[in-house]
Every structure is written in structure tokens, then in C-alpha cells.
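Listed after this line are the structures, all set down as C-alpha cells.
Both of the next two complexes hold subunit A, though its partner changes from subunit B to subunit C.
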Partner chain A sequence: MSETPPQNYHHQKPPFYRDAVVVKWLFQLGALALVVFSLWFLASQARDNLAARDISTGFDFLSVDPGINLSEGIDTRPATGGRALWVGMVNTIRLATAGILAATILGLVVGLARLSNNWVVNKLGSVFVETLRNIPLLVQIILYGAILANLGDLSYDSGWDNWVIWSNKGLSIPRVFIADGFYQWAIFMLIGSIVARWAYKSRQRQHDETGRDTYPWLGSLGVLGVFAVIGWFIHPIFGWVGGIFGAVEDGISKIPEEALQAVISIIAILLAGNWIRNFLRSRRTPGGSAQLTDDDKFRVIFSGISAGLVIVVVYVVWPGLSSWIINSSSDLFGVLEDKFGNGRSGGPFGADRPEVIKPGKFEKYGPSGLTMSIGFAAVFFGVVFYTAAFIAEIVRGGILAVPKGQIEAANSLGMKRSAALRTVILPQALRVMMPPLGNQYLNLTKNTSLAIAVGFSDLVQVGQTVGNQTGKNLSVFAIWMLFYLACSLTISVVVNFFNVRLRIVER
Partner chain B sequence: MNEPTTIKIEKRPEEPSRTPREWIRKNLFSNIPNTILTLIFGAISIYAIRALLGFILSGERRWGAVATNMRLLMAQGYPADQFVRVWFTLGCLMALSGLSLAAWRASGRLSVKKISIWTMNLGGGLAIFAVLAPISWASRLGWIIAGMLFVLVGLSMWFGLRDSEKRLSGSVPTVWFTYGILGVLVLSLWTVPYGHYAFVDGELIAETGRTVAMSTKLPFTVMWLILVGSYLIGTQVRDWIPSGKAKGVLVGLWFLSPFILNWIVLRDPDFDYAHIASTDIPLALMFAIGGGLALYLLSKPDLGEIGRIVAIGFLIFAVFNWVAAFFGWYPMLQKVRISFVLLALAALIAPNFAADKRTRLRFAASWIGLIAVSHWLITAINSPSTLKLQGPTYLGGFSLTLFVAVLTLLLSFPLGVLLALGRTSSMPIARVLSTAYIESIRGVPLITILFFFSNILPLFLPEGMEIAELAAIVTGYTLFSAAYLAENVRGGLQSVMRGQYEAADAIGLTTSQRTGFIVIPQALRVSIPPLVGQAIGVFKETSLVAIVGAFDLLRIAAYVVPAQTEFLGVKREGLLLISVIYFIVAFSMSKYSQKLEERVGLGER
Partner chain C sequence: MSEETAHKTRSDMIVCENVDKWFGDFQALKGVTATIAEQEVVVVLGPSGSGKSTWIRCINRLEAHQKGTIVVDGVELTNDLRNIEKIRSEVGMVFQQFNLFPHLTVLDNVTLAPKWVRKMPKTEAENKAKDLLEMVGIPEQAAKYPGQLSGGQQQRVAIARALAMEPRIMLFDEPTSALDPEMIKEVLDVMRDLALGGMTMMVVTHEMGFAKEVADRVIFMESGEIVEEGTPEHFFTNPTEDRTKLFLSQIL
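Entry: the complex of A and B
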């Protein structure tokens, strides 16, 4: 170190336009202003243009008859626009759920096949993955649709003995449905699962104490099975549960609107205040004074603003919100009262075989079977094969990522191959696989929107039809966005939950 | 670009060679479960191959539909009398590829051993397929004999190099091997009777016994000659030219080629020369000279604060021009507005070039080059096209697919890098804005974005401003792809060590210098493999533009060809063909990305 201090640059205060903090905030405010200005400009243009073309925005079309027919779904002739979109959402969710299940299983199988020592199995897996993931999904969907549309005409003969029927109108399999007594039976299963959990733990403890094989999984599954069988016959004894829900319904409908508004506002203020207090406390240095960066200040201000926004929304922007919450939750409990109520003596499940009916000139599938239309099948096979190819690579990568020493250690402990796979390899591989797997589930859900190419009534197809019919494309777009964001959020919450569960607990 | 890497890729030890019997025993029948697996999946694969071949070779298939409409699939309704422009474009790309291969000294070699194995596999595959295919015994025998011939050639290569030392070291350059294969394919156009299919004046011509039409085989031969010739020329010239300069020029040409080939060559703008001489050239000169001078002065090392203040002034003026345009305060050529924005941006980065006279002159010269190219392109885009079109655009089919993919990638790249920087920056508002943008775009499917831009965007535009359908689609696709690109780049940004930032600060670089010269180059290097992966994704998902009405490869195969009266409902053939086309492009790109990943990964360790 030199004796004389270097020139005291840092004592000269830089001019304000060179001050890092000032420049940073000026830049950010400028960017914000630019974004806000552009949005405002675009919105004002849209307002003018819409007014000039005599189109009104808004969501009133949700309660107006759109006059459209949907190809399939819970309601093929929806009475309102909202109902039509709801049918589309249900179709999308149905497709995505079935697709995620099937793609996971298929992807796991193919991924394991690619690790197989058997040459034929290995090569088949490689061909599957490389082919399917390099052909665009949309091309695949349209191709599957074209191939399926060339199946034979519908008749009773085209299938296996009336259990499975396929034709160019789709595929029909026996339908298993939730019957009358399901919800009361579900209470039985809830109790059963608590008891099963207890059984699992106690057997686990036994195993830990004595070292015997106590098969905790088998035991708990057995308990659950016993509950399921007993519940099948005596579930009506839970008829009184409906009454509880009825009472809750009455109670909720008596809450005044103002009380709910006040409660929401107070909760918002309390939450924000609590968060700010904790945040400040966490930033406190041992010296006592809180060192706040720009970022921290921004967070504090932002949380205050969001609490204020909640209050403004509750009181000014959407005063009907609280009455909507009250009404819909009392409705919900009304439905629950009915579902759990007395007088439901049927079994929890029922099943029907598929049938072919001939209402007019042409045959079609009757309502009793579970029918997969050509459109559904094309999208389903498309997203399943395509995603399975990616999942297979994730599975393979995850298993290869397990250090070889782990497998050798398991072998040297004398573990069986299956036990080593289950207790050593898969848990570690899953940890690597989980985040990309979640991404694939998200992709699959979004990819179901390609159903529009084969005319399957998913949310995008219905929305496009409704939008063109009513001219409310903008509102429909907002609904699309909200729906898919909600789906993404749900999937990432679920995946994150497992991710946290699977994480290595470190000291 | 890349320095020649000195990293030796360590090869895995050679597997001990086994007799076929040992191989089969080890890989197929090592124990009972393995044998069962082999039998079951062997049966499945035989069944699948039979089904596929049966489908392809069935008499009901009308492959003529595909052969006849090949031009439609590749270039849609591009006027037949102007088709030479398409070939010229392809030829330019071929010449560029040949020169680039020479300049980067493509030095990969294929061992003779590998080639002989491939040949034998090909022959064996042919024979097996011939046995499984539902064809007449005579042709089956013919194909089996052909397959056996291939096997014989492979075997002779194998045993011709009996000396095992030689067998390992004997090799041919990959480039020449590829050229040879392409040459054989081109030669086959002249000799093998693939059949002659065409629409001539609306009449369908389908002659099965002939070779393909002259309008197909001649251009493809020329393309092959250009590819090989440019490579040969490149290899001769490359020792005389400094390699860095040659590579720089080639990279520039690659970057410019999509714009020039598309808007100048293919679109053939009808320039209004009087207007150009009276307005466009003076304007360009003014910006080139005035801007160049201003930038030269602004990059003066001892200028200090004044430079920044002037630059900010430029920026405010440039932004104000656009605000004025939106409110219609005063008229101004769009070109001028764009030029002012470019000038303001260049003025902002000018201090980064504040060095000796040479650097400053080069900075000013690149500004003049930018003005020349951008003014020329804007004039060309604004001039009407001379083409007489039936359809909405002059591009269509595979060319449109490529165009959308390339343009989207090029445009989304800067935006994606900016978003990634915004998301990782320490500025809260910038971060919240970029994060919100990225996450909300990533949360919705591409098709909804495309619908938004093709249906709803016109509502948001001011009076009198219109946007072509295709431009709207590319805009939407770019905004979508930028969000994904940002996430890939963010991964790279996060991998840049803290020490790099600190070192840059320590030597006194400004924030923009640190970001531009230190952080981004390192971040991009790491994110090359995921970026190639994303490029594959972008290429595949261009098929979605078919749903919103653009005539890309998929739309023509799935909706246009099956609607022709001659080929009513012939859909599966075209879809299978385009699947193969998509597959070839995507598969070769993914193989390339795997190779890159190996290289980058090795550099890391």
C-alpha cells in the first residue's frame, strides 16, 4: 500500500446524471413509461377501432346463446357462450389429464427400453424416440387423423365382441362411471386411508424394531381394500353428512356483503403489513439499522400497493365480488348437500358396454360406451407419442445421471435388481427427472390446443368459434390466457410439491 | 468465429470384436427373459415394418399426387416463368455453403471401416425390407440381389484393408463423401426412371417409365456443380486470403442472405428509379455522411460527458419522432424515423469505440454500411413486386416454412437476449416487466398467440396502418419465441462466474462494455446447445402457421393437394412425405447439437 492516499475520486460527488442510482431509476421509469404508453396507445386504438366497427368488448357474450354446435363434450348444444367455453375447458382438461397419464407410462417404458441390454428392444426405443420427436406434432396429429378417418364404417361387427368397437367414427370402450352412492362411499375411503396410513406406519415400526419383512405397503392396501368392500354395501349410513353441508349453506347465505368486503380488506392489509414487518426484520443487520437495497424498497412499496389494489378492487372496481363469493360458495355447499344427502342407495360405480344406435340414416355410437372420437384420438395419440418421446429421453438421462457407484453399492449389499431399482436408482433419478418432466406436462397441456386442426372441441377451438360468431375475439383471448396460465400454475405447483419432497435433505 | 479447438476428444476404447454368433448371443439371447423380449419385440418390429411397407407400396397409394405437386410443396405458386429466381437463390446458398466449408476447413474424416459397415447395413436392410415387403417375387429377388451387391461392396472394402492397422487409419474426408453421395443422387435423376409427373396447362401428365422432367434434373445438377465448384475454388483461394477476414465476410453474407435473397431476388421489387435518384439516394447519403461524421466525433476519447448528452438528445429526438407519428403531428418518411433510431443507438454505444483513429474510422465505416444495407432493403420492401401471383404471397410451401423459421430466429434473438438481461438485472422494474412478459408468454400455447396476431392485432393498429397477414404471423411468432430464447440465454447468463463481472469492473469497463464484451459472449457460448434445440423447435412449430391460414408446407400437403380434382382426398401420402422432410431437417440439426454439446461440455471440464 502506498503511503499517500490516491486521489479522492470518491469524495467528489458525481453529477446527478452520472449517479448510478439516479440513472438506474430514470432508465427504469423511462422503460415503464414507454410500456405503459404503448399499452395505453394500443388500447385507445383498439377502443376507437372497435367503436368504428360497432363491436363492443366485454364479457356479456358469456350469457348469450352463441348458436353453435360442438362436436363432443359434456354438452354439445350449449345454451350460453360461457357454457360453450366451459365445455371446451372440460374437453381440454380431459385430454390433458389422459394424455399426461398415458405419456408418462409410455415414456417410462420407452426410456427403460433405451437402456435395455437387448439389442432389438434398445433399437426399437431409439427409433421411436428419434422419429417421433423430430416430426412436428401438428403434422403427426393431422396424419393420425387422416389415417383414423380411413377406418371402416361403423357397425356392430367392427370390434371385439361388443366390448371394444372401432370405426371411422371413433373408438368406443365400456364406460365406468360414478354412480349414485359415490360421495358417501368416498367418506368411507377417506376414513379407510387414514386407518391405512396408521397401519403402514405401525408395520413400518415393526419392521424397524424386529427386522422382519412386514410389507407395509401390502398391509395398508389391504386395509384400504377392506374399507372399500364394506363401504360398497353400507355407505348410506353416512347420509347425515349432507345435512351438515346444508347447515353450512344456510349460514353462508346469511353473511352480509359489507362484512365480507371489510374482512377481505382487513386480511389484505394484515397480510401486507405482516409481510413487510417480517421482511424488514429479516433485513435487519446485527447493528440494528436495516440496510435496504433498491430491490428491497421496491418490494416493500410493491406489497403496500398490492394491498391497496385489493381494497380498491373489492370496493370500487368490482363491488359485486363479495356477493358473488357468497352466492357461489353457498351454491357449492348446496350441491354438496345434494351429493352427500340421504336416499342415495346405489353403488359407488357402474359400468356400461358400448352400443351402436341408428337414429336416422346412419349408425352412430350410443351414449352408454366411453367413446373416443377421431378428433380426440388423433390429438390424444399425437400428444402422447410426441411427449412420450421427450419423456423417454428424460427418463434415460435421469437414470444415467445416477452415479454408477450407487448401483454397484446396491449390488454389493446383495439387493435384488428390482429392489435396487426401486429403492436406490429411481429415487435418485426422479430427483433429476422431476423439473424437466414438469415442463413436458406443461407442454403437453398447451399442445392439446392443436386439437383445432382436427376439429376436436377443445377450449381454443370452441373459443375461436365463439369469438368469430360474436366478434368478441379479444375477450376470448383473455379467457384463453387465464385458463392456460391457471393450468400452468396448477401443474407447476404439483410438480414443485414433489420436487420439494424428493430433494436431498442436507444439513 | 471459433478458434480451432485444441481439445482432443478422447475416444472410448475399441470394443473387442466378436464373431456374429457371440454378438447375437450376448445382445439377443443372453438369458431367458432376454430371449422372450427378443422374440416378442422382434415380432412386433417385423409386423410394424410389414405394415409400413404395405401401406407405402399399396396399390391404393397415389404417390403421383406428391410427385406432381412437388413444385407446389416447395415453392407454392411462384410464377413458372420466373422460377429461375428460386434456383438462383438456392444456388447462392449452395455457393455460400461450399465457400464456408472451405473457409472453416471442414476437416472431418470418415473411416473406411465405418463406410464399409454402413454399406453392409444398407445392403442387409434392403434385403430384409425386400423379404418383408408385399411385392412380387421377381422384384423381391431383384431387391435382394441389389442388397447382396451392397453387402459385397462393403465386405470388399472391409477385407480389402485386411491389414488391421490400415483398416483403422484409412479414411476419406466427410465433405467429399457427402458430395459423392449427393452426386450419385443427382446422377440417378438422369438415369433412373422415377417417372415424369406434371401439370401442363392444367392437364395432368403422368408417365411412369421416364426419368424426371428436365426442369428438375438440370437445375439440381447445376446446384450440385455449384456446391462442389465453390468448395474447390474456396480450397484453392483460402491460403491467399487472411482467414479471419474471409470468415468475417462469409458470416456477414450468411446474415444478409435471408434478407437480400428474399426481398431482392425472390420478390423482385419494381424500383422506381426516378424516385430513388431524387429522394432515396440523397437521403441515404445524408444519413451516411452526417451520421458517420457525428459518430466519428462522438467516439473521440477525450469527449467526456458531452458525448453522452448528445447521444441522449438523439435518443429523445428519435423516440419523439415515433410519438409524433402516432399522433400525426408532422409527416416524416418512415425510413427517416428508423434511421434516427439507429443513429441514436449507435451514438449510445459510440464511447465503446473511443480508441485510436483506426477503430473510430472503422466504427464510422460500419455505420455507413448499415445505412446502405438498411436503406436499400427498406426501399426494396416498399417497392411493389413485379411478380404476377395467384396466391397471397410469393413464398409458399417449404420455402415459406424456411422463411418463417429463419426470420423468426433472427428477429427473436436480440429481443430474447434483451429480455434475459432484463430478467437477470438488478433493476426491479425492468426485472418485473421482463419476468411478467416471459412467464405470461410461456404460459399460453403458440396457437393462441398466432390467432391473436392474425385476428386481433389489426384492431390495435392506428387508422390507415395495415399489416400483412404474414408479417403479423411472424411478429407474433417472434414475440413468442423470444420469451423461450430469453430463458435459454438466462441459463447461460447465470453460468457466467461472478469473478468475470468483478474483473470487468476492476479494469474500469462501463456497464454496457462489461455486458457486451465480457458477459454476453461467455453466456452465449454456454447456451449454444439449448439455442440449437430451440431452433429445431421453432422450425417444427412453423407448421402451426398453417392453422392461421399461411400456405406453408403443411397446409399445402394437408389441405391444398387433397382439394385438387385429380387427387381428391389424397392426404396421407403428402403428410408422410412432409413428415420425412421435417424429420430430415430436424434430425440433422439435433445430431449437430449433440456434437456441439459434447464439445462445449468437454471445454467445461
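Entry: the complex of A and C
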């Protein structure tokens, strides 16, 4: 029998500076204090300096007329500062969306060209990549702007018979717009897409049962096309839908404010309670009660606090919230009643051809067409070519990253090149390509801010003008940062979604 | 002797005549001539770099030979893509590194080629795949991904995947060389069953036990040439060539 250890062996308490738990908490508190102090310091410095230099902050300018004209956008003479910035944001979003689409397609083509066995195609791809990714983007944008400025002057006969007009003032094409009948037609398309989905599934099933090629995509697109054409002519039969929205509008406007406040509070409490219950259940060990780490405890407390916060907001901080929700949603249904209402017999879409007008001494494009200025084109080509060069390398790298054995295995099974590419190579290459591709999309979106170099009215250019007019440069800075942050986070979410879907399962 | 006359009545599945293959300046195959009959099991032995893998990779055109003729089941291998596809769909291959498709489940790995090449209905392909997985002894793994299986299980899936195309010939390129010792047997058992079932097989391996027990004929290669061939009894007990004797003394 061995000697038993001293009774108090497990109870020797170390001094606090050697106690792992205490030390951990001390470090956490220290880090937190440092962050709070830094923020307080920066904020107080900024406040004092701004006051000393008489620089004003605040967001009042968003509802004041900035007195500026914009060169292009959904509104060239915005009535408020907020409206002006919104026009800039729409221009930036348009540029970034079109740029991402074009750069992806061009990058894919060039990347595949660099993998081609055809010597000419291969070398063309190499030259494209090596040239365009090594010239600074700003230089390229200014260069394209200078080249495009050499197009001819605008006159009544530049272009093709008022369908497409181009000149050194830009390119104007027919503008397609949503007409009166669109919303009723959209109901048709909704039903059409349900039927198309059914058609897709049934064709897929047919393929599974017989092994024949049934082209499910073509089938469902055909169904959708038939619905689109029929709906174009008979969509007024859905005129009664407007009445339903009208009834909903009346119903919502009768809801008492107190009832909504109570419902929101109860929902918050129920959600938090349900979440905590499920969380505790998931942490339950086979032995019985839940083992909670500090992190877990924090989560439980935090979810309780969030429910409390919701109640405080609803009743104390913003008592008008519930009436605002009631009013705005009933307004929304009022608009829908109007849009879907009877008597909308026009087509779903219309198109206006571009036109040339001469208000003063010089010709300019009229408002009817969809016009892209030289500035837009210069930035567009700049970001597309520049980003496409990088995307081409990502595509090449992604495909080369698929092990050679995978292609050999597909070959040895007698699969054709196209089938092997689609079922074996691309799914694995995309997995490698997705994260760097997301980076390029983020870069492209942020690089559109170089539009200021050629005077395209993107958010940065508009913001700078507004800031100069109103003196609220700091506020404009805040809006810029929030906008680009929102864009980047949106892109990240989309890319991560695909990342998760393409993940390969391992043990 | 009766065994040999039996072979002659069967049709020739693979005929190679004076096959040459270069990688740049290096000649990997030097005038390889051999004929493999229907239902014959041939084991190819030789030191590494002797050209045995190159040879069987030429038979389904994963490598292109530069001189000589290769005829597989009456179809000559040329640059004609239609011939190549026809031969590949009749010749199954199992690789040293398995080469399973990691993004597809085991079931999808096995059904992919029948669906895309043979245009087989999905349900039929899946039923067939389940039968094959049963045959190689892992029916319960159908829904898993290759990364979740052991090496031996992965190689058995690879065999099932090749068999799903109903090949008339199976090529094995060092099928057990990447496996842990305790997993080699499970793969060799499947191959033995396949040989007993009458499959025409060409196997590059270092498993002498398998060669002795299962092979109808052993071919010994060195430096891109066939040095000696014969029945396993002859090859392992009474080799004639000095180079064969040296090789056997090194490995046995």
C-alpha cells in the first residue's frame, strides 16, 4: 500500500498573478481598457481640433440643396445632398456590377487561352496578362480616357440611325424602361417560373429514367419564354390583385400601436428564450447538466440582454417605432395596390431611342437614351482589363491545381474532354479559384473610386463636390467608408456562400 | 502444355508489336512485343524505371507511343479520337494513387462514367454501382466521400469505378504500392476474385505472392525491354536470363 498524498495537495491556491484564470481575466480587462481609452482619446482629439479649426460635422447637409450639377446618373440636378450622394452610389454600383461581369468573362477567356495548345492564342493571352497587369490602373484609366476623347464630335448623324450613337461625349443606346403593365406581367412570370421549375424537374427525372439527353435547362427556359410572350398580351387579367393589396393596406392601418409594441416584445423574449434553451441543450453532456465555458456564459447573457434591449428600444428609446412600422408598411401596400391595380393595359416594358439635342451652342445627348459617358467607358475598360488580367491568372492557376491524375482517371473511363471538364475539372478548379476571385471583385469595386481621375460621377467624385460645397468633409468621409464597407461585405457574403458549397468533404 | 493450347484458341485482346516510346531523349520502351489473350492474367515485373508503367499507360493512350502498333480488342490505337474513346471505354484502369474524384460521393464516382459515356439511366447506374460496391466489400460506404475512406477502401472504390464501365480488359498500375501493409490484402483479394471471374488483366505490381498465385504469365522488363516471360513456376524457380536472376535475388 502506497502512502496517501497530503490531504490539502489539490487545494493549494497559487498567488493571483500565477492563477491561470485570474491572469486570463486580467489580460482581457486590460485589453478592453486599452481599446476604450484609445477610442476616447482619438474622439476627444478630433472633437477639440475640429472645434479649434471651426470645422463643422453632422449630417444636416443630406437634406439641404447642395446646388451642384452632376455629369451623369439617375438625376443630374439632385435637390438634396443625400440625393446627390445616392446618385453617386448608383453610378458606382452600376460601374462595379458591369465591371465584375465583364472582367469575369474576359478573365475566363484569357485564362483558358493561356492554357491552350494553340501557340498564337497562348501567346496572345500571355501578352494581355503581362502588359495589362503591369501598368498602373490609374495610368490605364487616363490613357483610355485620352484615346476615347479622340472620337468625333457629336452631331445628328453620328451613329446608326438613332439606335446607337457614339461620339467624344460618349455612347448612347436605347433605354429600356419598366412600363405600366410590368407588375401584372411579373405575376405571370412568377407562375411561369414555378411551371418552369416543374418542367426542369420532370425533364431531369426523364433523363434519370432513360439516360437520354433531355436538356432540362432548355426545356424550362422555353416554358418561361412562352409565359413571357403570352403574359405580354393578356396580363390585365390579373388586375384584381391590386384589390388584395388594398385590403391588406386597410387591415394594417387598423392595427393599434400598443398591440404591435407588445407583440414585438413578446417575440423578442420568446426568441431569446428559445435560443438559450436550444443552446443549453446542445452543450449538455451525456452525464447530465451543461458544461459552460466563459464564452458560452457570455453568449447566454448576451442573448438575454439583446431581448431586453429590444424591449427598451420599443418602449423607451423610440416609442414611435411601431407606428412608423405600421404607417410605412401600409404605405407600401398602398403603392402595391396602385402598381398592380386595374386599368394597366400597356406592355411590361418600353424602349426609348437615344436622341441628340442642341439646347445651346453645342449638341448633347437628350435624356431619352441610356448614355455612358467617356468617363464611364474609361474607368470601365480600365478596371475590366486590369482585373481580367489577374482573373486570367487565377483561372489558369485553378485549372492547373487540379491533379493530373484526375484528368487521367476521367480519360481512362472514356469520358470526352467536355464532359471531363464539366464534371471533374471545373468543380475542383472553382474551389481553388473562389477565394482569390472574391479578392479581385473587392479590388475592382474599390478601384472604381479612381473614376475621379476622368471626372466620372461616382460616389467619391460626387462626395468630394458635395463636401466642398457644404464643408462637411468628415461626414462625407464617413459615408464613403460605410458604403465601400457595405459593398465589400456583400461581395464577401456571396463569395463565402459559394466557398461553402464547393468545399470538399474530408474525414 | 494444355494451358498454352487453351490460350491459343482464345482471341487476342492486346497485341503490341515493336512499340517504341521516347520521353525527349530518353527511350522508355524499346521494341516491346507481346500478345495478351482473352481471360489471361499477366503480371509485369521489373525494377523501377524499367518502363512497365509506361507500357500499360500506352495501352489506353494515357501516353502516346511513337513507333510500332498496339491493337486492343481488334481496334488499332492511332490518333483517331473515336478509336481512343472506344478503347478507353473497354479498358478499365486502376492507378497507384487511386485518383478518385474527391468532390463526388463514392456512389457518384462509380456512376459518373456510365451516365456520361454509356448514357445509362440514373437508377440503373446506381443499382449497378451498389452491386459493384457489394462485390468489392464496401456497400455501406456509398454515401461517403473518398476523403473519408481508408486507402484500401479507396482503391476498392477505384476498382468498382473502372468495372462500372463493363470493361473487357483491366489494367492495374501498381495498385497496392501506396497502401499500408494491412490494407494490401483486401485489394489483392478483390483482384484475385476478378481474375477467377475470367477478366483479362494486366497488372504492374511488386506483390510476388500475387504473381505466383494468380498470374497465368509473368513478364519481366528492364530498361524498356522485355527480358523474359513465362509461367510463374518457370519464372520464379528456373529463370534463364542473368538479369532476371539478379532481380529475383534482390527482391526475394
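We take it that the second predicted complex is superposed on the first by the 351 of 507 C-alpha atoms of A that agree within 3 Å, B and C clash if a C-alpha of one lies under 4 Å from a C-alpha of the other, contacts with A are read in each partner's own complex, and residues count from 1 in each chain.
Everything below uses one rule, namely that contacts are C-beta pairs under 8 Å (C-beta built on N, C-alpha and C of every residue); 3 or more make two chains touch, one makes a residue touch a chain.
This is a predicted model, so every value here is computed, not measured.
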Exercise for review: Using the touch definition from the top, say if A:Leu29 reaches subunit B (first), subunit C (second), both or neither.
Suggested key: first
Exercise for review: Tell me which partner A:Arg431 touches in the superposition: subunit B (first), subunit C (second), both or neither.
Suggested key: second
Review point. Of the two partner chains, subunit B (first) and subunit C (second), which one does A:Gln406 touch, if any: first, second, both, or neither?
Key: second
Check your understanding: Between subunit B (first) and subunit C (second), which does A:Glu209 come into contact with in this model arrangement: first, second, both, or neither?
Key -> second
Exercise for review: Return first, second, both or neither, reflecting whether A:Gly320 touches subunit B, subunit C, both chains, or no partner chain.
Suggested key: neither
Review point. Which chain, subunit B or subunit C, is in touch with more residues of subunit A?
Key: B
Exercise for review: Could you give the residue numbers on subunit A that contact subunit B in one complex and subunit C in the other?
Suggested key: none
Review point. In the complex formed with subunit A, which residues of subunit C make contact?
Key: 60-62, 85-86, 88-93, 95, 97, 99-103, 112-113, 115-125, 145, 147-148, 161-162, 165
Point to revise | Interfacial residue positions of subunit B with respect to subunit A in the complex | key: 27-28, 30, 34, 37-38, 41-42, 44-45, 305, 309, 319, 326, 426-430, 433, 440, 442-448, 451-452, 455-456, 458-463, 536, 540-541, 543-544, 546-547, 554, 558, 571-572, 575-576, 578-579, 582-583, 586-587, 590
Review point. For the complex, which residues does subunit A have touching subunit B?
Key: 15, 17-18, 24, 27-29, 31-32, 34-35, 41-43, 45-46, 48-50, 116-121, 124, 130-131, 134-140, 142-143, 146-147, 150, 294-295, 298-299, 446-447, 449-450, 452-453, 460, 464, 467, 473-474, 477, 480-481, 484-485, 488-489
Study note, to complete from the structure: subunit C partner, complex, touching residues on subunit A are 207-213, 403, 405-406, 408-416, 419, 423-424, 427-428, 431, 502, 504-507
